[in-house]
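What follows is chain A paired twice: with chain B in the first complex and chain C in the second.
Let's turn to the complex of A and B:
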């Protein structure tokens, strides 16, 4: 079987400024040297702060955004080389669930129209009775009722809308699901339902998933492996539990320290790592250097690369070799 | 949805008045052949003439609104002029809307160079005062109602192009469009099924507002002799024929008041009706009102 997602040295930038013809444009890198892999039936979590490029990476994997260099293979197919027909075929393998269920469903279509659209586009289930059966099955799979089919999105709650969005993504029976913060717009109680649904579906349908989140607790529940991103780079990847209990990168450490623990006594004692941005460190290859607690001038001479620290645990930190003494150098 | 809009129109007195005015004119236009029997079967918009005397005659039992220059019947002109006003207003608005919709959505959807070219062209048309531009086009094509409508369409479309472009731009990046793209949908489907149905509404409202304004501009062109020909049941033409009688006779300024007041009042009420109705629409569709 082919690997669902294999990304190597991906680089992408956006052009800033106006129209190319009129004004000077400037390339702003958003993804730099990203290498990631999502295995068969694996759920890879992508964690990082706002604006770090998580969603852009998701769009690249979906083929909705172009990239400048590097290689992105989805199901073994290099996205750059796909023809229009090949791209359309790939749509049946890769689907997406967005963050905001209020804007991801067309307000002027009924649930039936929304769910039938993928089949219309790919000319599937042309037979009326067949389609009706498939619809019922699909709706049941995400915990909705066939009676909901003729209603409009605004008649549903956020959680139900997200179920509809998931059903639409599943309609083509994809192998890979890209979930872009699918629960962060929902109430906490509803989050749990949707997470359980995603977990259940991914197991039952043997799905691989690229799960984007900024919430470690959510990522931990669902993901097999977690990759931490910062400013368009992957700083650390590790199996979920390993990453949480043994974070290697100072940024991961700082992120984890900001996650509250469900024990009030313990939570009171914890103090999040707060770091100020120091602008004079700007020219370092490590994007986190300006905020790093363990900053050393020496690290700026080493290129940033992911190195294996333990089995399956990769970290991109130039100060790592001195890990034991790390705290001594703390500024 | 439609019920809700109607209910709110009836609640507001101003927009209710607008609705009644527009509905009244619509009925007049609809039943024009009953209200003013046709004289010339080949061209019902031809005004009947009662004699060839130049001086207008005041309202009488035979001519309830009086006659204007050369004994053209004002009542007939007003009734059939209503039908012509609707014809002009709706046709021009419809085609201007279509052109604007096409150009605006193309500019927004394709972006880049197409957007620049289309929108700069729109800006150029916008930059010339619309009445002046319409006059130039109408004068070049020759005085005729059809040519006048072409000229009016040519100056009316840019506002729709801009409006549609803005709405398409905001809708095309919404998640449901991206989701549809991720499902494999391509340009035409995205545009027709998702983007336009969600971005066309404000333009439809503006179109309904525009009808009054278009009729007013058409009357101006006719008054200037660039639209309907003398003897046509057109409000602007009726006012044009009153040009020599506006000041009345010596010593009696208001001697021929009806030649101006009748067609002028009708235009005034027609435009007022559409404006009030349009204000009502705008208030209802203003998202800040919820």
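Let's turn to the complex of A and C:
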């Protein structure tokens, strides 16, 4: 069995364009020294603020963005070495669900056309009756019915559209699903339906998933493991439950403290950790140093490195993981 | 209830309809509430339930095609909807300020941030340009924008999303309004920035004794900031209660469903108790309770007749269960 995703020491920066001669500074990397692994049937959550590079990382895994150095293996294939034909083959195994179901479905195609397009491209289910059966099964799997097949996306609500997008991603029976904030554009009552659906489907179809979210509660519900990203780096990874019970990186703690809880009494007692810029980062290698409340000039100078602090728990902080006290914001 | 003079805003039987090719559709069916001075009311509901339309009609700002078919909005005893345009203009901005949902589109991209804030101050007070500028700078500092002297002369694109939203807030608060209407002010923001902005609004609200109508779909934010809660569904108020009472014991099945379907940070769940079905599209003609098609406890009567707002112990609930059995409001 091959590992669905294996990333080692990945670096990526965007070319700024313009005349090379004049730009003295190197392009700033948007992904820096990232090593991650998504195992067989595992759901890995990527959590972080906007602009931290979660979506860029997903695009790299999908082969939609190039990268400068490091290795990204999807189903055992190194993406850098893949030819066009190789990519087409890989796409049968890796599919994606985007955040906004209003812009990710072609408004001029019926649901039938949307769902059949992947099959046309990969020459599957050429036989009419067979295809009809497969279609019916597919829409049933995502909780829609066959009557919906001849309608256009605008006739559906946000939740139903996201179901269509999920059906499209499942059409080729992929092994890996990349889901980029698939529920953040949905209403609360519908969000729960889609989360349940994603969980059921990933189990029933033995899917692996790279799940991007900015919401810890959502990530906890769905993910086996969570990686916390900040400014293009992974600062902490741990099994989902462990991360929430025992957050070790100051940034993870700050993020957790900012999540409001739907309980007036409890919420009044919670005080978010101050995360304003407090000092110049200088030559400190830690990207969070400028906002960190545990900053210690001497200790924070060592190169950033994910160190194992407990079984399966990795944290890239030079100060905090060695403190024994439990975080106030652990759940 | 409070004495008459303590009521800052009172809305009576507000009905809003939109004209379309098929004729008129009513989207808000008679909304009534009172907001005491210094309190925060949260209006909760899913997309299409009429919460934004309600906010816009408070200041008579409905887009073309929309009209207030009936009802009154009283601010400090004055009927806002029948004010002559000049007086209405004086009220907007100075007395009642509004923050819109999208900070990316509500600032003018070709004017400096400073000029946009001072414009409001100059329009409503008779201070000099220099005084207005000083005041604007103080405000920017207050909402946490560093180096305001320099940033006053920058354009919106030079600010991040969270900063732009804070500029909107500074603009709304520049004349210390008596009432702030905030339409999903933090939906587009990260949790850390959201926590900062909520804290800022709470501080200002306590310091200036300001009232606020807070429109949101996020119940966790409601728990954080609201004194009173109004739950809207399909253009009807379905439940109204004090925030702590609502969270302790929601009476309407929709409110119960909403609270249950929230993904919790506090416990790991296997399956989320989602509300089945989708919210109704605005203007869907129907008889009976708008929530009946999705309600797990609906019976014949719910589908035939619209329940009135039952009033009990200072709470209001639009549900036949209240009439059927006093003890049926299980949590």
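The rule is simple: the second predicted complex is superposed on the first by the 303 of 331 C-alpha atoms of A that agree within 3 Å, B and C clash if a C-alpha of one lies under 4 Å from a C-alpha of the other, contacts with A are read in each partner's own complex, and residues count from 1 in each chain.
To be clear about the criterion, a contact is a pair of C-beta atoms (placed from the backbone, for glycine too) under 8 Å apart; a residue touches a chain by one contact, two chains touch by 3 or more.
As the structure is a computational prediction, the values presented were derived from the model and not from experiment.
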| message | Based on the shared chain A superposition, would you classify chain B and chain C as clashing or fitting together? | response | fit
| Residue contacts on chain A - larger count, chain B or chain C | C
| task | Based on the superposed arrangement, let me know which partner A:2 touches: chain B (first), chain C (second), both, or neither? | result | neither
| said: Which partner chains sit in contact with A:214 here, chain B, chain C, both or neither? Use first/second/both/neither. | reply: second
| said: So in the superposed three-chain picture, is A:255 touching just chain B, just chain C, both, or none of them (first/second/both/neither)? | reply: second
| said: Quick check for you: in the superposed arrangement, does A:265 touch first (chain B), second (chain C), both or neither? | reply: second
| note | Three-chain overlay: angle at chain A's Cα centre between chain B and chain C, nearest 10 degrees, stands at 70
| task | Quick one: classify A:118 as touching chain B (first), chain C (second), both or neither. | result | first
| request: Give one of first, second, both or neither to describe whether A:168 is in contact with chain B, with chain C, with both, or with none. | output: first
| query | Touching A:62, do we find chain B (first), chain C (second), both, or neither? | reply | first
| said: After overlaying the two complexes, what is the shortest C-alpha distance between chain B and chain C, in Å? | reply: 9
| Considering each complex separately, which residues of chain A are in contact with chain B in the first and with chain C in the second? | none
| message | Under the stated contact criterion, what part of chain C meets chain A in this complex? | response | 46-47, 144, 146, 161, 190-192, 194-196, 198-199, 217-224, 243-244, 247, 257-259, 261-266, 268-269, 271-276, 278-279, 281
| said: Which residues of chain A touch chain B once you look at their complex with the stated criterion? | reply: 19-22, 59, 62, 64, 87-88, 91-92, 94-96, 98-100, 103-109, 117-118, 121-122, 165, 168, 172
| field | chain A - residues contacting chain C, complex | value | 49-50, 157-160, 187-193, 195-196, 199, 214-218, 220-221, 241, 244, 254-267, 272, 275-277, 331
| message | Quick check: in the complex, which residue numbers of chain B touch chain A? | response | 112-113, 115-116, 174-176, 178-185, 189, 193-194, 197-198
